[in-house]
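There are two complexes below, and they share subunit A, which is joined by subunit B in the first and by subunit C in the second.
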Partner chain A sequence: MHNVDLNQLASLINKNVSGANATVNAAPDAKLDSSVSVEASHIYKVAEWLRSNTELPFNALQAISGVDYLDYMDVCYVLAHFDVDHPRELILKVRVTDRVEPKVDSIMKVYPAADWQEREVYDMFGIKFNNHKDLRRILCPDDWQGWPLRKDYVAQKFYNGMEVYPDNKMNFEDRDFIVRQAMIKKAQETKAQ
Partner chain B sequence: MQTRWDIGEPVKPTINEDTEQLKSELLTLNMGPQHPATHGVLRIEIWTDSEIVAHAIPHLGYLHRCMEKHAEHIDYRGVIPFVDRLDYLASMSMEWGYALAVEKMLGTEVPRRAELLRILTGELQRIGSHLMAFGTYALDLGAFSPFLYAFDYRERILRLFEEVSGARLLYNYMWIGGIWNDWTDEQLDRVKQFCDDMEEEAKKYHDLVSVNKIFVERTANVGIMSLQDCLDFGATGPILRGAGYKWDLRKNKPYSLYSEFDFDVPVGTGERGVPGDCWNRYIVRMKEVIESIKIIRQVIDKLEPGPIMGKVPKIIKLPKGEVYVRTEAPRGEIGFHLFSEQDGKTPYRLKVKSPCFTHTSMLPRVAPGQMIADFVATVGSIDIVLGEVDR
Partner chain C sequence: MQDGVVLTTVDDFLNWGRKNSLWPMTFGLACCAIEMMATGAAKYDLERFGCGAFMATPRRADMMIVAGTVTLKMATRVKTLYEQMAEPKYVISMGSCANKGGPYWQHGYHVLNGVDEVVPVDVYVPGCPPRPESLIEGVMTLQKKIANERLLRNKWVKHA
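Then we have the complex of A and B:
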């Protein structure tokens, strides 16, 4: 899928960005996608090199997503090269272990596309991006609490005085079903008597 | 390569300084969230210097439905109706992308007839979506009748989709492993007839709108997104092609059976205005309609009877791992980044890379210095669907 020899790419990253410690997460079979992991502290330099190098450049950032594995969180950068002769794709990963104050360097200066993508990751996972110019929530309201896409997320009880999950707001169909079942049971009981 | 990254920095109000002494302060104006020209519930906070936009800040989230969180609690098949609601004007393309992602992980072979019919529906959907874009864009710029023409023809596509899937907008038609219903020969004949009519109709649209003097004045040289900007922001689809870059996944990285088909990739050439402006983005969409018609005709010629559903286990369990699958939807590249755990029945994480999200993020870059009316034209020209931006 990548059209890139990831081992070659990882060694190139290691050669050009010292301390990046790029390793390949090889997928067990061809159905799945492999990725490259780098040190979180070096992501800016790696991104800078990936965009500006001449051997294996990537000229566009497609998406940034976070994944929560409870022990740690991954930030996945999906990069692509829009080139008719050499289309390329790459999944680049960075691991964050701190859940209280997770921090990664912003790559907004290299790929302006990262601006909103990083805001989304911040919104959903609470990962802060250093040197980001305008790190605000993007999809949730500004005063929302908690990080919705984390696995241990519990929605807040009240938002601006409104109850978020009111008890009486049950699924009506289920409630009808329960009521009907109770009625049937009652009817059967009276019949039996 | 010079990368401009200083978005978010308000432009100082110097625009009127040399022309008049009446220097005013910036006025903050909310465009939306119910502004008809925003095609949904998008609020753009614009700082205006008289009639000129000095700075624009889009505020998203009015249509946020936590789709990615929901997907983590639903089995793989159950996610399909949720992806429908991403881009509700091109649901088929959304389903297709998601189904491809799960099929890739599962290793399912999709039967040939199903693949061809997927291409048929996908391309019909593209025409329908572009017709919608055409109609509403003309409406944004003050022309009412093109909207009615476009809806007349879009209706014919929706009728066909309604017959095969039972729904007019949110189809749940492309299932994992194939498609739900087969198309009958009678329906395919109607598709053929539609293609013939649409080709004639497209010429009418061209005469009526594309070369219309008022339309050209409103759109040519307006809202220029240069090629460099497009690559910086990762723009795809008609935005990137409108800037003159020949990039189409169906051609450059073919998925499904697209490599068998003969079609062109239209790009903005600057017949009116310059590549990257509103007019060129618009004309790319109109030319894509013709290319889609070409593909549909070839599909109908290639169709042979056969099964429409591959072998898929009753309960889908995927191996541990991840895939990133991108497909060419009408509005650009939609990407599904799907993570699964060992024998997980639900996605561990599903990230949707939406093209409109990317394109909306370019608005602060193009807005400064535009007239407010031109800004409306620019917002319309990127053809946003807020369902996809907010997810």
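Then we have the complex of A and C:
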């Protein structure tokens, strides 16, 4: 992303971590950020190498986020190297195809900052992190049902006897208006094609 | 002798005492709490109305200012805190979120649509967040409400 030659980094990862299958996702626009994808099964080894190597080390994990693309889900790691002379940043992505029981190895042992970040991704997307020592929901209540940031999420009707969307307080027409407009627009677009 | 006698009704006397010593609970949920703190601080000085003594426990408080977004996770706690307060007790719902869910009203799966779903509310203060003047107006409205209470018809006495 910043101050990193991603092609060089990808080849270094492939050389040092066998089977990582690192590929560069080049951004279509210079304003956007390019990233590196690796195999989900090798994320722990890749993270270990990224932190401990001497050629292009990354000494900090800034954030972990999830993205739902309906067919698959991505887990994005934003890594950084805090160094006065060579500061750099990297977006590392892994792809999870299983939506029923998505699993990724935890990188908590390499980057302790991953602890709460992984819990948040678990809370919002239901992606389980193997070998995470304390994988609980972090924002939603422990007994909450479903994974809120998934695209196909439908909120539960009741929680602890409280109605989530009370009929007498909602304006469903207004709420669904935007959704309906989007559907109409999409239908018109497909018709035009 | 004449100088030492004041005539009043029991109702008026009790209401006068109650309305001028409303002790709120130290309890803020979101950004409205910042405005509540500003109201309590020197410039707006809630103490002028007898309600600057923010109590750190619900047992000593008379009034709960629900200042901020009530999430479903927090709603059960809000209810517990309300139940822990000694009667008579009053609730001011401060800000759009506590009133009706605010910006989370239509799409926020995690926000309670109005704190009145779990606790009875006496005064609603609109705003996002309300300025300190609005909260003071809310407090004064509550004081007017308390001034007109009748002890024997009081909901607390009736159900005691």
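Some points to look at:
Following the convention adopted for this analysis, the second predicted complex is superposed on the first by the 169 of 193 C-alpha atoms of A that agree within 3 Å, B and C clash if a C-alpha of one lies under 4 Å from a C-alpha of the other, contacts with A are read in each partner's own complex, and residues count from 1 in each chain.
Keep this in mind: a contact is a pair of C-beta atoms (placed from the backbone, for glycine too) under 8 Å apart; a residue touches a chain by one contact, two chains touch by 3 or more.
These numbers come from a predicted model, not from an experiment.
Look at A:Arg95: by the touch rule set out above, it reaches neither subunit B nor subunit C. After overlaying the two complexes on the shared chain, residue contacts for A:Pro141 are found with subunit B and with subunit C alike.
In the superposition on chain A, contact is made by A:Pro166 with subunit C only, not with subunit B.
In the overlay built on the shared chain, the residue A:Met108 is in contact with subunit B alone; subunit C does not reach it.
Once the two complexes are overlaid on the shared chain, A:Val78 sits against subunit B while remaining clear of subunit C. Counting the residues of subunit A touched by each of subunit B and subunit C gives the higher count for B. After overlaying the two complexes on the shared chain, residue contacts for A:Arg150 are found with neither subunit B nor subunit C. Touched by subunit B in one complex and by subunit C in the other are residues 139-141, 148 of subunit A. Subunit A contributes residues 139-141, 148, 153, 155, 159-160, 162-166, 169-171, 174-175 to its touches with subunit C in the complex. If you check the complex, the residues on subunit C that touch subunit A are 72-73, 75-76, 100-101, 105-107, 109-110, 112-114, 117-118. Within the complex, the subunit B residues that touch subunit A are 1, 3-5, 7-9, 60-61, 64, 66, 68-69, 104-107, 231-234, 240, 245-247, 252-253, 319, 321-324, 326, 333, 335, 337, 339, 348-349, 351, 353, 357-358, 360-361, 365, 390-391.
Every residue of subunit A that touches subunit B in the complex is listed here, in rising order: 1, 27-29, 31-33, 35, 52, 59-63, 65, 67-68, 76, 78, 80, 82, 84, 87, 89, 91, 108-113, 115-116, 124, 133-134, 137-141, 148-149.
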